[in-house]
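Each chain gets a letter, A, B, C, D, E and F, in the order it is written, and its residues are counted from 1.
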Amino acid sequence: MHIRLINPNTTASMTAKIGEAAARVAAAGTQTSACNPLAGPVSIESHFDEAISAIGVLEEIRRGETENIDAYIIACFGDPGLLAARELSPAPVIGIAEAAFHLATLISTRFSIVTTLGRTCIIAEHLLQSYGFAHHCRRVRAAEIPVLDLEDDGACALDRIIEECRRARDEDGVGAIVLGCGGMADLTAQIRDAVGLPIVEGVTAAVKLAESLVSLGLQTSKHGDLAFPRPKQFTGHFDYLSA
Amino acid sequence: MHIRLINPNTTASMTAKIGEAAARVAAAGTQTSACNPLAGPVSIESHFDEAISAIGVLEEIRRGETENIDAYIIACFGDPGLLAARELSPAPVIGIAEAAFHLATLISTRFSIVTTLGRTCIIAEHLLQSYGFAHHCRRVRAAEIPVLDLEDDGACALDRIIEECRRARDEDGVGAIVLGCGGMADLTAQIRDAVGLPIVEGVTAAVKLAESLVSLGLQTSKHGDLAFPRPKQFTGHFDYLSA
Amino acid sequence: MHIRLINPNTTASMTAKIGEAAARVAAAGTQTSACNPLAGPVSIESHFDEAISAIGVLEEIRRGETENIDAYIIACFGDPGLLAARELSPAPVIGIAEAAFHLATLISTRFSIVTTLGRTCIIAEHLLQSYGFAHHCRRVRAAEIPVLDLEDDGACALDRIIEECRRARDEDGVGAIVLGCGGMADLTAQIRDAVGLPIVEGVTAAVKLAESLVSLGLQTSKHGDLAFPRPKQFTGHFDYLSA
Amino acid sequence: MHIRLINPNTTASMTAKIGEAAARVAAAGTQTSACNPLAGPVSIESHFDEAISAIGVLEEIRRGETENIDAYIIACFGDPGLLAARELSPAPVIGIAEAAFHLATLISTRFSIVTTLGRTCIIAEHLLQSYGFAHHCRRVRAAEIPVLDLEDDGACALDRIIEECRRARDEDGVGAIVLGCGGMADLTAQIRDAVGLPIVEGVTAAVKLAESLVSLGLQTSKHGDLAFPRPKQFTGHFDYLSA
Amino acid sequence: MHIRLINPNTTASMTAKIGEAAARVAAAGTQTSACNPLAGPVSIESHFDEAISAIGVLEEIRRGETENIDAYIIACFGDPGLLAARELSPAPVIGIAEAAFHLATLISTRFSIVTTLGRTCIIAEHLLQSYGFAHHCRRVRAAEIPVLDLEDDGACALDRIIEECRRARDEDGVGAIVLGCGGMADLTAQIRDAVGLPIVEGVTAAVKLAESLVSLGLQTSKHGDLAFPRPKQFTGHFDYLSA
Amino acid sequence: MHIRLINPNTTASMTAKIGEAAARVAAAGTQTSACNPLAGPVSIESHFDEAISAIGVLEEIRRGETENIDAYIIACFGDPGLLAARELSPAPVIGIAEAAFHLATLISTRFSIVTTLGRTCIIAEHLLQSYGFAHHCRRVRAAEIPVLDLEDDGACALDRIIEECRRARDEDGVGAIVLGCGGMADLTAQIRDAVGLPIVEGVTAAVKLAESLVSLGLQTSKHGDLAFPRPKQFTGHFDYLSA
């Protein structure tokens, strides 16, 4: 089984980090590989960044379809391009936000999210509502760290995340915390040890859900809503997408 | 006041039709102009088409920002790229789906939607839920017409739409019908006459909402969730977006 | 186009203020006129006041029907008598609360409301739930000002409203604020300048929505739920309503 | 204990019927009396009729306050004027729609409503949503009988109600049926016998809930939302309401 | 009419207290009796305690069915075994949590709950959501008192409950408070006097709802969801349940 | 890793079937074992059966805690005793209904459920609402097969299930179907082949989710709502539970 992790931003160090996090938890028979688009934002911190990054995600899905990929993971907490990606392949596609939400509800009755910047909280809120998890989440919190600060060596970002997670633990009445950024994938153990609550991280959660679906032979339904896109013409620099 | 209508697909005849529909209802002092991206799908009938088209929408917003545009309309019923577009400009941006939903609730207690293909009904369902209008809508119906059939001369598409609208009228217990495709903008009067219910069409609805916001001096809030995207680097062929 | 603003309370100075606010934003071809019932409460600060005021609203609608009115606005933030008013006329009827909610969602992802008295917050909460905007509103706040204090010359009421709006801005995580009383229609600009957020005011919002519907030829649906009331006998001092 | 039933319409035969239904189920120590306003609609079949009837309801509450009434029942299925009535008295006020919904959920997991005219179904839908019972109700059905047909001797109305109740039983997957009109209060036993399901009727349900609250010493809270209306001036023919 | 109160825990002093509270509010013709299972937890403070206690509740229902009981009350705030109990008898079965919620919404627009331990708040939250009362409840609060402390003579528990109720009154914007434990049934008057808000207590509320249903001849529907369980074999020490 | 499957009913052939289904999909390093309580119903087709079966489930969890079990699965579609079971162990506990819902939303936008008897549909409805999946599920359907008919050799049950699944496919607008009974675990492939849609079966889904949580080191949170039950006395034949 080959799971392809797509980091929707173009920061190679984050792609590597995501790939390592995935490899660490992959089952014996699972091959993982991580990639990022050549073109796109170096970090995703707005709806705009997300929309641009979706193109790269879809490109990577298309490329994956030529490589016998068994499942894809979209490794950005806004799950950019998720439903479009599902249309492009019968292979399962999983977003790290949805993955984290699903697993968090299996080990706690209520959770909080700790994400990077306050301005991206609304993205998590929209996903919670759309997926059906709004009443399981007590609060979406921001540590107010730009995403790329997670790539710096200093422990400052980690400290701020731990501080915010402790506030969630003490004030929100929750049993678990969801980390709201793919770039936090290497910090899970440290945060868990410092906070003392189960910490659900999306990249690793998504790897296990992808393995789950593949090993059960469950693929994205091609009956109805997520069928392959109808073949059609694309114009201009998107001409290569024409059928 | 200059309102720019962005047809997210690249079919010029549909852009012209949308522009004409807008011009017909624009107020005396309102200038309208319609455009479509150079690159993108000729029609939007899937989440994939929508994701690709969002890039074109955002390009057109960026172009508009150099032309003193006062408000933008995204003239595809899935409102592709809406929140991202709002980040790019202080000028209001309105989707034709949301516009139609808003006005429909002002003239009826319950409405149904008649859209093109069954596979796009899910897009309308998601928007209804996200915007808060789910309980106002009785049913999302498809006439099972590919979008570009609306560009053909024959009356076949119109007949099928009218037939489905009549079913909505007779079976759904609704007071109004929302047309679920920008390409139906020129058919509103004929459908209304044939069905005998108020027919809410999104392009024209959005023009009036755009005029409303502009004349009240209400612009997209730049405080918080919809602030301008943080300046950052974009790589590859998106490099031109770098700040 | 003639838009009639109905102030549901009987305080003439507030009616004048509402009329002026409407006239200021009306389009070139729009005539606006403001009225209030002869009989009713001088201010509306309870469900009781609201129920009594609804009679006056309906009387004014009935009167308007003899005067070729094209659209009506119910200029009290509880939208008293809204659905009943819609039954009485094919002309659109718009409440200022719903108008403000609709426009606020077009320029921000989340808003708060600042209203007069704490005891009327529940009215706004019920409207948010019924209209479908509950999840767009973070908080309903009261400045604890009796409505008629808004008619006094002193700036005390304005100061308190600004103070509460600033709290909403700083504590609620919102992009816009909705003013929760028709009597605040003249304060919008001052509040906006002092608070630095888009301020959505219902009277002006409703004027633009009314113009929108009229210019699109959209009238209240007479098919089903909002059809004219069935003719019947009314007894006692309501005998004049008998058909 | 004296429970006052207020029939919001002015049809004396219906008031008598409601009074008899109440008396039949009242406890040993409970005195019941039924009244209707002098002025108002002879039946309530629209939002307009409802708004007018609310005045009569409130008048009757005010009159009741001079007569040591212990609890009030608003005996029309739209619960007209309910929250306003609660403000006017510390004595509990109960609507027959809410009463029926409450009891129906205690004896079944899901119920359907059978009401008079299709155009009033929307009123029941709004109440279900506002009260929180929307997911307990499978369907709101209309027998398409004008309210005053219930006052005729012929069995035609009864037949149609039974027919619609049987459809609910056979098609809706429900355990109980709620009768959606105060004028059906005398038909409960016949309907139950013909349909074979528990039939929940609002007038009788409300009497028992009123007895329940009074015997527990529970009165409408005067802390906050339902406090007595602030004293103020009313103008015109409502001048008698001035404090 | 004979109402049987089932205390799901096995603490006889609490059973007695519940029985006395019920007897105090029972109508003239109502006989009440209280019992508790022989086997089960001495208090219920977790989902586990609840699951075990449900067996005792069901045993007591089965025993009651041989004694001509007219209605049952499950006197623990989690309503353990409620739907199962309803299947076992045509006689109405009422939980004290649902009873309190129903009556609280009749006298206030919003309420808060004050329960014993923080860990049981989630049980109340789940019930509010399932029953449909989530939006009527502002907050679920815990006084952090183990249930059996309510059986001690000292006033310490009472003081803490009053303190928490006062916080609810001052901070939550509510009109009434629901007591979240059957063991508080004897404290209602003292709490009400100390807090100055209507206090809704579930045991007493349930007695009146039971009387209401019985006197109306309304029994648990045996059509569909709550029909008697299908006869079948039970194995092991549950063999006595076999049909 | 050792996953223990608990069949909450006492029918050994169904336990064996569940065990085989689990073993078939377990990963290389995963040991699975299936058990059922000694005491309890031979099938679960009502809330009553469910409540009784929960005791057996909890007994089996307690027994498992002495055997170094890494995760538990409750293999009945009502997820009986789920939250109580989570309190008893730090090891994850997963219900087959929730497991199926989670995976179904990852491969389709909307699904339907096909379960055994109509009377148990309400159990699925309650779970969908509580877990947050209500809007993902179009319809809960029953094949009207008693659970133990699934243990018979004849193909009659399979035929009826396939027939109902085909109706779901053709009428409900869904992309996947969830099988609503643990006893269908051996039929998944045949149903999938006959229906042509992805079929999500809960036993197999739960095994993969259990593996996922264990391999990520995620255990049930013992902070707050799902902490171990407070030690206390149990009386009568539950005395062995006393701490």
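What to note about this one:
Rule of thumb we're sticking to: a residue touches a chain if its C-beta (ideal position, glycine included) is under 8 Å from a C-beta of that chain, and two chains touch if they have at least 3 such contacts.
Since the structure is predicted, the reported quantities are computational estimates derived from the model, not experimental observations.
Path length between chain A and chain D in the touching-chain graph (shortest route): 2.
Same interface as C-D, judged by over half of the contact pairs sharing residue numbers, among the pairs A-B, D-F or B-F: A-B.
Here chain B and chain C face each other with the same set of residues for the most part; over half of the interface numbers are shared between them. The greatest centre-to-centre distance from chain F, using averaged C-alpha positions, is reached by C.
Rotation relating chain C to chain D, from a C-alpha superposition: 180°, rounded in steps of 5. In this structure, the chain pairs A-E and A-B differ in their number of contacting C-beta pairs, and the larger number is found at A-B. Taking each chain's centre as the average of its CA atoms, chain B and chain E sit 52 Å apart.
Chain B and chain D have Cα centroids separated by 44 Å.
We define each chain's centre as the mean of its Cα atoms; on that basis chain A and chain F are separated by 28 Å. For chain B, the set of residues touching two or more other chains reads 83, 86, 109-110, 118, 121-122, 129, 135, 173, 224-226.
Pairwise chain contacts in this structure: A-B, A-C, A-E, A-F, B-C, B-D, B-F, C-D, C-E, D-E, D-F, E-F. Listing the residues of chain B that touch chain F in their complex gives 118, 121-122, 129.
Remark: chain F residues 10, 37-43, 45-52, 54-55, 58, 81, 83-84, 86-88, 118-119, 121-122, 126, 129-130, 146, 224-227, 229-230, 232-239, 241 touch chain E in the complex.
For chain B in complex with chain D, the touching residues are 109-110, 135, 173. Against chain D, in their complex, chain E makes its touches with residues 25, 27-29, 83, 86, 92, 94, 98, 102-103, 105-110, 131-136, 169, 173-176, 196-198, 200, 204-205, 208-209, 211-213, 215-216, 218-221, 223-226.
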